[in-house]
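Look at the two complexes coming up: chain A is in both, with chain B in one and chain C in the other.
For the complex of A and B:
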């Protein structure tokens, strides 16, 4: 295995918060030990307040750890902040790195100067990002006039302009419509394929995790509770898939299909939802059993919802 | 590389300010109005003193009034800065994610804005004053060269000093109190209301122990030719001293403050 791009050992961070008149200590991250290899795409998930953003800030060098050690791109984030900044790109979904009152193009130029890109490298990389993120028409528009979806695409381009080895995205798709999310994800997949970029993203959007990540780190109250694939996570908590069937005519609830659980019916039974465990049966078998009972016009299979998976993990730990 | 980066940030500040033309016009109108008010008050004071007040005659007083009014768009005497807002909101985290010295990058951008403001506010203000009221200006071209240097130094000292107000935000989070204190003291000691020469000795001594006269009073004295060559060089020397002092303090505050930074929210 090559040298890890992120390595933490027993990493921890406390915050002192005022609680009325008294002050108390809140442990935001605790005993976090993780290795991420170059080229991986890691989803860092957990509820609000689980410690995700705190971890990201520590690995980017903008927050000093209370305990433990952390190495990012082989550097010490706090001490080597400026060297590290040349190798990582960070997108905070809720903070802008663009110059609010200037055209998008100006922000790219300023960032290219900040990162000391040569004129050739600047032009090539800007062209590449403009094309892939479809920014051509936005280049002359002041940032304050962009829609959220447009701004996020410009933000991602800004964070990736210096071709960082590690890209960290903190809730990059928050507030975006379905199409904008889709475009952003496709871009990230392509970026990773062509440049071998390592991705680390925090999100509440399970679509992001499913389409972008091949590894999941799940945190609960500051501690790592799962490290592995999404499928593995679903399996561990026994997450079920849902089959949605549209029937030709109204029917009674399909409560007797083997190995399934009837979840709900709409339109006097024209559409029904059945949950099944992929370990115990298959979609084909469930469909066959349903077809024996009613005429099926259409169907869809829903993957386990990761929010639901996370909820189950949390519930099992409390 | 170093120069290119900070030059870009300077240009960014310059261009940002250039997008607010209507605000610049509003600023010029306000500067001119208050300039005329100062003319009425201070000319009366000079007349009452028999045509000479602490070395100022009417022509020198007019030069003081219009140059200082013209610098108002470029010198921060309010204490409010983008940096303070960014520290409070946590957006300063983005600044620390860049391979730059955050302190110097902030100064470069601020100075860019201030230099731009000389165009729509500084020069017209002096022109209006010269045309409407008349003023005495030096004949020696060397005075203008040193004067231009002194104005640039004044602008930079203003940015490096007000940065220190913003930097208190690393510890205080809410910096409005410090900003108000700065506003009260800075305008008075910078010579915004009356030239500091008119202060009683003890107050004049207090003013010169601060960086504030370096922002406005000294540049006005140098470029208006009110002080002679040797004294001008001395005032520019004082500006350089305050520049070095405030930059050193800003570097220390940023370094210490970064470790305190907890980045609000998100």
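For the complex of A and C:
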């Protein structure tokens, strides 16, 4: 196994905040121990204030940990910040790396100079990013005139111009329309496939997690509460799958199918929704049981909603 | 040389873009230049108005004060041009620009300094330069190699000292609430103090702007030395030669404050 690209050990960070006249200490991150291998795509999820942004700032060397240790790309983020900057790319959803009054093209040129790219490397990488992120039309436009979706694509290109090994995205799809989200996700998947880039992203958008990540880290109040696949997360909280069946003729509610719970019916029972626990039964068995009772024309199985899963994890811990 | 060019390329790229963008709005830029020059002339006029009612101020006559004004205003304006944006750290923090600096492989302070440049200050520097030239012409300067050296030293040190004030302000604003208000008192108050004869200050002011923030060393003391005048209390006439020492002190103070500010921002240790 290769050396981890991110490794934290008992990492913790406190903030002193003013609470009226008194000062108190808020624990933003607590005893976080994580290893991420090169090439992984990790979703770092949790509610607002769970400590995600704080962790990212420690990864990038912006904040100093209060406790524990952290290495990013084999470097100490704070002490080796300038060397780390050549290997890491960060997209902050809320803050721009571009120069708002300059055309997108000029921002890329300046960033190429900042990262000391050779003219050949600059041209090749810029061309690649422009093509994959469909930026051709935007190159001459001042950043301040871009729509949010356009700007976000330009931000991602800016953060990836120096071909970082590790790309950290903090809420990259926030506020984007469906099409923009999809384009960005497709780009990230392709970038990872062609360059073996490691991705770490924080998001509230479960579509991001489902389409981009093969591993999930779930934090609650600064602590890691789950580390594994999305499917595994659903299983641990007993999240249910939903089978939607379209029937040939109106039927009464299917309340007696074993190991299922009737969720609802539409069109006089022509379409019915049954929830089942994938640990207790299978979709095939449920379908067989339904077919004994009515003629099934079509069916769909809905995966558990991830937000719902996260809510369940939080609820079980309160 | 090639190495130097490569090392400075990131900074030059940013600065060139800043200059391009300021000049690209021509009307706006012209207006900025004009208003900046106007403010400079008003301040110069203020000196002249004061001398309508007095013949001498702190042992200096009008001609000498014009020279003090010229040195102080020229060096301050040039420092303001290159470093003035540094004392707006709260803006950089709010926009997240500082976090973005952390993601680039250059030192933070150098990135901050080279992140902007205010070309409109050129007009103000022009006023200062005019006052300097006039001041040198109308005063009875005993020209020699050493007096030329003194003027050159004063200009370089004055620029460095004022530049350090902006860097100091940047560092202090990390942990002062309403930092810009507090640091402005010293940065712009200091600039104003620098255009005045330090002899008229009371003792606390002499301690603060004479030595802690060495404003007296930027223009007044070099002029006193240049014109061969006796210095005021605490400040003998030869002290003008110590302007570089004052500049070094100002930079020491600035860099220590900057380092403390950055550590405060990152949350201790480091």
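Rule of thumb we're sticking to: the second predicted complex is superposed on the first by the 281 of 318 C-alpha atoms of A that agree within 3 Å, B and C clash if a C-alpha of one lies under 4 Å from a C-alpha of the other, contacts with A are read in each partner's own complex, and residues count from 1 in each chain.
Convention: a contact is a pair of C-beta atoms (placed from the backbone, for glycine too) under 8 Å apart; a residue touches a chain by one contact, two chains touch by 3 or more.
Predicted, not measured: the structure shown is a model, and the values here were computed from it.
When both complexes are superposed on chain A, chain B and chain C clash.
Using the contact criterion defined above for the overlaid structures, shared-chain residue A:97 touches chain B and also reaches chain C. Legend: residue contacts after superposition of the two complexes on their common chain; A:83 is shown touching both chain B and chain C.
In the superposition on chain A, A:45 makes contact with neither chain B nor chain C.
Of the two partner chains placed by superposition, A:200 touches none, neither chain B nor chain C.
Touch criterion met: A:66 reaches chain C, while chain B stays clear of it. In the superposed pair of complexes, A:170 makes contact with chain B only, with no contact to chain C.
Residues 15, 57, 60-64, 78, 81-83, 85-86, 88, 90, 92, 94-97, 99, 101-102, 106, 109-110, 113-116 of chain A are contacted both by chain B in one complex and by chain C in the other. The part of chain C that touches chain A in the complex is made up of residues 6, 9-10, 12-14, 17, 21, 95-97, 99-100, 102-107, 263, 266-270. Every residue of chain A that touches chain C in the complex is listed here, in rising order: 13, 15, 57, 60-64, 66, 78, 81-83, 85-86, 88-90, 92, 94-97, 99, 101-102, 106, 109-110, 113-116, 159.
Partner chain B is touched in their complex by these residues of chain A: 15, 53, 57, 60-64, 78, 81-83, 85-86, 88, 90, 92-97, 99, 101-102, 106, 109-111, 113-116, 142, 170-171. In the complex of the two chains, the chain B residues touching chain A come out as 1, 4-5, 7-9, 12, 15-16, 19-20, 90-91, 93-94, 96-101, 105, 258-259, 261-263, 265-266.
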